[in-house]
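So, here's a batch of structures to check.
Heads up, the next two complexes both have chain A, just with different partners, chain B and then chain C.
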Partner chain A sequence: MARAQWWRPSPGTIVAALEVLLLSVFALLPLALQHFWVIFVTRVLILALLALSFDLVWGFAGIMSFGQALFFGAAGYVVALLARDAGVTSVFVVLPAALAVGLALAFLVASFLLLGRNPPSLTFVALGTLTGSYAGDRLARGWYYLGGQNGIPSIPPMTAGPVQITEGVAYYYLALAFLIAVYAACRFLVGSQFGLALAGIRINEARMAFFGYHVQLLKAVVFSVAGAVAGIAGGLYAFHEGFVWPNMLGVILSTQIVLYTLFGGVGTLIGAVIGVIAIEIVSFVLADAYPTVWPVILGVLLLVIILFRPSGLISLFVPRRTRVGVFGLTARRPRRIPGEVDGAA
Partner chain B sequence: MALLEAAAVTKAFGQLTALSSVDFVVEEGQLHGLIGPNGSGKSTLLKCIAGAELPSGGRIHFRGRDITQATPAERARAGLSLKFQVTSVFPELSVYDNVLLALQARSPLTALTFSRTRADLHGRVMEILGELRLLDRAAATAAVLSHGEQQWLEIAMALASRPQLLLLDEPTGGMSLEERRATGELLVPLRQSCSIVIVEHDLDFIREICDVLTVLDQGRVLETGTVEQIQRSRKVQEVYLTRV
Partner chain C sequence: MEAVVTAVFEVLNFGAIMVLVVLGLGVIAGMMGIFNFAHGEFVLLGAYTVYLFHTWTLPIWLGMLAAPAVVAAVAVVLERLVIRRFYAAPVIAMLGTYALGLAIRESVRGLIGGLYRAVPEPLPGSFDIGAIHIAKWRLAIVVITVLVMVGSYLLLTRTGFGLRVRAALENPSLARASGISTNRIYAATFAFGAALAGLAGALVVPVFSLSADLGIRFLIQGFLAVMLGGVGSFEGSVIGAGVIGIMSAALPWAVAPVLADVLVFVIAVVLVRIWPRGLTAGRTV
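Entry: the complex of A and B
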């Protein structure tokens, strides 16, 4: 019996193993891939950052955002303008700028949607963020300075001192480094006492107010942090692709981000990454094999997965929805303090 | 000065008047029972005090401060704590985390982000779990607790922030006789640290632990007094006891 249990790892161990596996594969992949595929996987890494931003707000704080593309696209446009009009391409300027744009814009949106006296409904926030994304898209399409429908093409390459970071292996590792750093930061955040407060808000927001929590402020903070993550992704994406266009801000991408996360598994962080990998690979294969009808096949496939695996692909590996946030006794044991009652579980 | 003073509190839901000019006072260290037939307005009064409902009229002062329009969070930070009638524990979280969640509510954002108060609060979490006889259930998920244990966990969460006034809405609802007796034993020592208002249907339970009783009927205060005074009250006997 004990032997059988020894062979059955806990869901947390499985998630950690998946993280190590994916990290190892991503670290070694450029050694085995051709240039085209390195570019493809770099795009996947950047979109994984974007999916993490959505998982943070929906999977952990229960805020339904259909507007993550707004922060992604706005940051992309700002760094594109910096490069085009000011000649600023330094990685040490453009990516912090992208982060700051995502953070500031998300805080602005949160101020309108979340920081009123009365707690907003889930639908209100979902529609509010959707409207923001749509408005951003329309604004970019109609503003000549932003390139209108065509966006801003031919963004000069990102630089680090005299070195240009062009698409390929160097950019791949830059994107991977950001993904690892952001993933680790998200993991730290959701496993902290702040993460416990987010879990409380997700489960029963009204009850949290009766404890004395500034519920809406906490939600605005996590929403802004997620906006910053989307901003970094937007900055990376703009320089990687070499151009920005209105779709980067719009509702189609915003919805796609939701699908990535639902497909992979909400509230697990790793599920969002898996969702992006799976959808992007399947999309590519289907588009290659069925150039006309591939979106329909992909849509049906997504529906089937969500119907039969509502917890996403992550549920193939862990038996129930497992979150990486562990708190209290299940987190690292707090140090013993004087007067502690003995007999704790 | 009384700890809590509710003066002429009125609460109407459309055409229905749930509370009509209710005066209610709780002194420091008091164990105050709130009783009355179903629909008499007990839970509504408790909700108005805790901020779950805003009164249509009247004023509520807590420690001399007007909290009539304050949000539930502001009232909680002022020292009020509510245990809901329907258990509202966090079922996906462990018993330990439920209490930690309640306890860390006043920690600043940076402390929460870097888990700076986790170790400091650990002792208090274990102390509360010990007081509420939940120590051996600390690692269990709240969803698997029995109904009585969930009620105790609710009380533990309400107590976590060391409130000045604890509002308990039917703390023994759905409990067995043994669990009711144990709950009474748990509540009486708490008066050393805070005042308590209890809404309860079980008159034997209320009689045993409360100093003062307020009887509500049809949204009005029928009588306030010691347990003996209430037991002797003809008005209460006529109106309340015949309807329960």
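Entry: the complex of A and C
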């Protein structure tokens, strides 16, 4: 070969380069954008936070959660109620409250779905979380105290002491700061011994159990942590939009987040962020131009990605092997014979 | 007395609709291990077919006869192109069928202009016995459901085709080794399940009127019914659908409607958690 391999970056370097690139783009973006676009990108950042929470459970621990929006929406509703009925809008109270709500609710769901004597099947957890999200949506729709169909409108702006954090540049940096902090924490988490154990559970749950890991407990822990992340995102979203409504809890949002993460690439963290950004921006542009055709195109696009690029957009840059815990295993997944009812899949 | 009879009939009616939806879902889930998120959209397609016949000023009942065939045809194409690739991966199948459903649902939404479209009942009027009024069409739904149920049961247990289906369900490798083309059986089963969904959609469209979100309301209840009854069994699907249908129609009479709606889901999930293999666990066709 004429061109020697004088510089071939390792996959880790590429991921790091992507992260630095995205970070600097987002740090400088408000300087170049108009107010309207700053608000739009803030929304995307908050959704990226929600996508991170999903990637944590599915991409790393292999728990299929179709219900991340439940924690997102529940936290949103709680902070909205705090602001409406208790007049509490301080950022130092509402965001920890949102986190706590997400954590507690996720722990409740996890302890019912995941803990217990007979370990649940993958499909049961998927459908259980889906049902939770749907039930939450229905409850919020029918409950007068929560505003029913209309949700809770005109939440007062978030405050930090005497200062109001209104939507715009200030809120943008608040959301970005949270995204960076959560991202860094997730990155640390998945690289730690705990993260490796999670990857082990994803690849071969029975073997991890034989090693003496409390598999169900680890799953419940990561599920709760992800719920806390979704909760923060929900709190940020509620104050940013200024209102909460039942769709924030519902199945549509839950599934969207799953598909966006899949589109970007699961199990890489950065893939989740890229997926949300890519789809939200394309969707915003195209939904305006072709409001009826766009959702159809989106469906087909997602289907094509799922069929032909199962590791998502990120796999254009880095090989699949970089995913934590995959190593050389990708090619040798045991083939499941159709028709067998799955136990652990 | 009249109120009780009316209530019982309402419960029966909703249970019947659930059974139709869930039969198809259960057959596909049991057979291929796929929880078909596009099932609600098959229901929608069935309803849409009837609506099309109505706009062409053809008789409604003709549309109802055509709907299962149309939906089955669509399903065969989708199975060959898409679903076939999901057999080895149940979770990816959920996501893929969801994306598929999204595309179908939004197409229909575009075609009907995002509105509610009413379709008249093919059998208007009601039977009046004293103060009790029973809508003829709702009674017809119950009767048709029973006929379809018995027909499907006989098809599965009394015919050569049914035998091959059960063989492919029980032990796919052995079925293949015995010269049964499991691929074809899967395609046929998928089409059959979709046809049932199409029929359900066609029958309920006069009652609920056509909108793009018609199918979604049945989907999650359908999944729970399948799991509650036990994946991979015919009776399980029927029993699960009956339990869920009756619960969701009867609970609003007992507790506040807001709570009843959510309570159905909670009770169902708890029951499945306790009996992961469903109510019929193993004792099946």
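Basically, the second predicted complex is superposed on the first by the 316 of 345 C-alpha atoms of A that agree within 3 Å, B and C clash if a C-alpha of one lies under 4 Å from a C-alpha of the other, contacts with A are read in each partner's own complex, and residues count from 1 in each chain.
Here is the rule we go by: a contact is a pair of C-beta atoms (placed from the backbone, for glycine too) under 8 Å apart; a residue touches a chain by one contact, two chains touch by 3 or more.
Being a predicted model, the structure only gives us computed values, none of them experimental.
In the superposition on chain A, A:Gly116 contacts chain C only, with no contact to chain B.
In the superposed model, A:Phe317 makes contact with neither chain B nor chain C. In the overlay built on the shared chain, the residue A:Val215 is in contact with chain B alone; chain C does not reach it.
Contacts of A:Phe40 after superposition on the shared chain: neither chain B nor chain C is touched.
Of the two partner chains, chain B is the only one touched by A:Ser192; chain C is not.
The wider contact with chain A, measured as residues touched, comes from C rather than the other of chain B and chain C.
Of the two partner chains placed by the overlay, neither chain B nor chain C lies in contact with A:Phe243. Contacts of A:Met64 after superposition: chain C is touched, whereas chain B is not reached.
Once the two complexes are laid over each other on the shared chain, residue contacts for A:Leu130 go to chain C alone; chain B is not touched. Across the superposed pair, chain B and chain C both touch chain A at residues 335, 337-341, 345. By the touch criterion stated above, chain B contacts chain A in their complex at residues 50-52, 71-73, 76-77, 81-82, 84, 88, 90-94, 96-97, 100-102, 104-107, 109, 111-115, 117-120, 122-123, 125-127, 129-130, 135-140, 157, 161.
Interface of chain A with chain B (complex): residues 117, 189, 192-194, 196-197, 199-200, 203-204, 207-215, 217-218, 221, 327-331, 334-335, 337-341, 343-345. The touching residues of chain A, when paired with chain C in their complex, are 64, 66, 112-113, 116, 118, 120-124, 126-128, 130-132, 134-135, 138-139, 142-143, 251, 255, 258-259, 262, 292-293, 295-296, 298-300, 302-303, 306-307, 310, 335-342, 345. Contact residues on chain C toward chain A in their complex (touch as defined above): 30-33, 35, 82, 85, 87-92, 94-96, 98-104, 106-107, 109-110, 168-169, 171-173, 182, 186, 216, 220, 223-224, 227, 231-232, 257-258, 261-262, 265-266, 268-269, 272-273, 276.
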